[in-house]
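Two complexes, one shared chain (subunit A), two partners (subunit B, subunit C).
Our next item is the complex of A and B:
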């Protein structure tokens, strides 16, 4: 079996099957449960607001996935370094590129599991069924590159910075800034700076695509530009992680 | 407050205008198929009959529907696009004695008390003609259904907690 696959399976096992990993998923499910329960009994919502609720849930799922990715990406290098296992990992017969791929393989599996847990919540709050399938497809299509970008970015930063705490704080701040569209509605981002920020921010790309397909019922195919933005960031983050991990060998 | 003032002004204008309106007359009645106690998500339909009571043809008739919410403190015009309502019909010529029947369907989006009215003008008519009001109430329906959310909200974390407990016991 390829060392990359072995590493990915080990990482996924730790993320998904270990008590620590299950606790992650439990925390995520609890957060989505609280959000869903807060909406039950709200008598001020109109039927049109149902799409807004699904849109909010899609944004929260993506934000939680990115948060998981940041912590996991940081831990995959900085955590190994602090536990004293990084040197042993570098001495195994696995290339630096394989190391990044294997670590990310684990994150991909964890994100897939998070996504599968999120689907029943999207169904639960989307009681009118309006654009529910589009919402699920949207999270898969636009959320995945955003989540993986943050995981790779965290990995690249952890490889460059010596301290796990520093890299984690820096990445969390980046996530907070990038993820602000989840909290700030489109009307609050109409200034020139806001529009510029939206044009380059992958999180904005995903959130605006959710807005278009879930609330405005636009076809997913019309969101190619926003998908392109998230994929460009995924490519940049991949390069950032690979080049950072390559430095570890020197 | 502004929306309320606009709505009240619009209703007053319709009532005043209909008094000195031209040969057009409009009747408005709810469809017999409408539910007795409609709730959010139901569909209602209203039928209007626009009739030319004059002795000459009326050219270029435009009729449109207006919907206002009249709950105390929530008085406002309703966005007809949200309610999937037909906004207007045009009738090129209405001969003397001729009547045109029009259906005005809509999907009920939000709970509350509502008033619907059909208005019409013609190309050369002296003023606006308005139908009598038709009032209806829409009952609340939970937008986020507890029957769907509660089992998921408690069930999934419960399952994961059981799994965590099982893994913790094994490790």
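Our next item is the complex of A and C:
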């Protein structure tokens, strides 16, 4: 078995078998439950159009997925370093590239688990189910690169910064900044700066694609530009993680 | 030669950690790398494993340069680092199985149990590492270092946290491995471990190798006498000429404190005493050995 697969399996095992990993997944499920209940239970929110509710939930799933990826990515490097287990890994024959790829496998598995947890919530908030397929495809296609980008960015930062806390806080700030246009509302997003930020922000790219696919029922093929934006960010984050891990212990 | 380090110098950031380190380890040899905290022992190990880039000098480990082919070196080495963390949610067998696969070995459960038994660790199969004592963790770390059948073992403080019996058991494991031809680089500040195990010693102070050789050679070079306490069964003979390689430091009732001249093997000295008519009942080491040598050499360089 390839060392990369061995490492990815260990990362997955840590997520589903260690108390820490189980707590993270339970926290994500709890957060989805709260948002789901708000969307269907709150008087004002329950008046929203069905497609709008599913769109909101898709954005929430992507944001929570990115949050989980940040925590997992940061822990897989900085957490292991602080617990003293990273050195033992660095002293095995696995290459630095293999180490990042194996850890990235752990991120992918974390996101797949999160996605599986999220599907029933997407179904539950969209009472008619007419937007469910578009939402699942949208989150899988546009959400995945965004989530993995943040996880890899967290890994790269964790490899560069000395402390787990510093790298986690820095990555969470980056996540908040990236997600801010979504929170700040349409008026700011229509400004010149807002539009420029939207054009380069992977999170905006994914959310705008959800808007087009879920609410406007546009074909996914029409979102190639936005998909390209998220993939460019994924490529940059992958390079950032590889170059950071290459410098570990040097 | 398994490790051959010459004139190694290394910087971490702007800090010059190593200035001039020498180290030569042969197959089947146990080499003690000793020195005060911060002397550069762990940094030397990191450079030998390709974790840090050297600034100057040469390093050859198992015939390869760690700056070029560190992975090939790591595949043939077992390392127990000083900072020794584990995956607390795993059990010992799963943990060793994971590392064996990283070394591209598919170990059977029986082989893994053998490794655990070899280091004196026999936990309950379902016991997770999180519940292990410090000594059990240290043994598991050693089992991990052995999982890839290494030609070279690099151990940083391997007996930390072990009780006297545990230390003796680990000593026996290391001696047995050395007899089988495994070279062992033992980095420690426990001079008793060095005294008991090591064929040769290298002393690093402030990033420089200040002494290297067997204990007897180092004591001779440093002109350090080896001090012993000799219990006597009667008065000392009143001879005009006493033993030539032993000088009496003090006499205290039934005991005499003696220094052996530099380079004198204790067996030679005891024969001299007996031939000179000393009523020797028992002999105990009383300083003047590795500890005194270490203190004097580190003091000289620190001053």
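Note that in this section the second predicted complex is superposed on the first by the 234 of 250 C-alpha atoms of A that agree within 3 Å, B and C clash if a C-alpha of one lies under 4 Å from a C-alpha of the other, contacts with A are read in each partner's own complex, and residues count from 1 in each chain.
The rule is short, and it goes like this: a contact is a pair of C-beta atoms (placed from the backbone, for glycine too) under 8 Å apart; a residue touches a chain by one contact, two chains touch by 3 or more.
On a predicted model such as this, the values are computed, not experimentally measured, just so you know.
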Partner chain in contact with A:121 - subunit B first, subunit C second, else both or neither: first
First, second, both or neither for A:174, with subunit B first and subunit C second: neither
If touched residues of subunit A are counted for subunit B and for subunit C, the larger one: B
Which of subunit B and subunit C A:140 touches, first, second, both or neither: neither
First, second, both or neither for A:36, with subunit B first and subunit C second: first
Partner chain in contact with A:19 - subunit B first, subunit C second, else both or neither: both
Which of subunit B and subunit C A:231 touches, first, second, both or neither: neither
Overlap of subunit C and subunit B interfaces on subunit A (superposed complexes): 17-19
Subunit A contact footprint on subunit B (complex, rising order): 40-41, 82, 107-111, 140-146, 148-154, 156-157, 160-161, 163-164, 167-168, 171
Residue ranges of subunit A touching subunit B (in the complex, touch as defined): 17-19, 22-23, 25-26, 29-30, 32-34, 36-37, 39-43, 45-50, 53, 117, 120-121, 123-125, 127-128
Contact set on subunit C toward subunit A in their complex: 46, 49, 51-53, 71-72, 74-75, 77, 79, 81, 83-90, 98-99, 101-104, 106, 141, 144
For the subunit A and subunit C complex, residues of the former touching the latter: 1, 3, 6-7, 10, 13-14, 17-19, 80, 83-95, 249-250
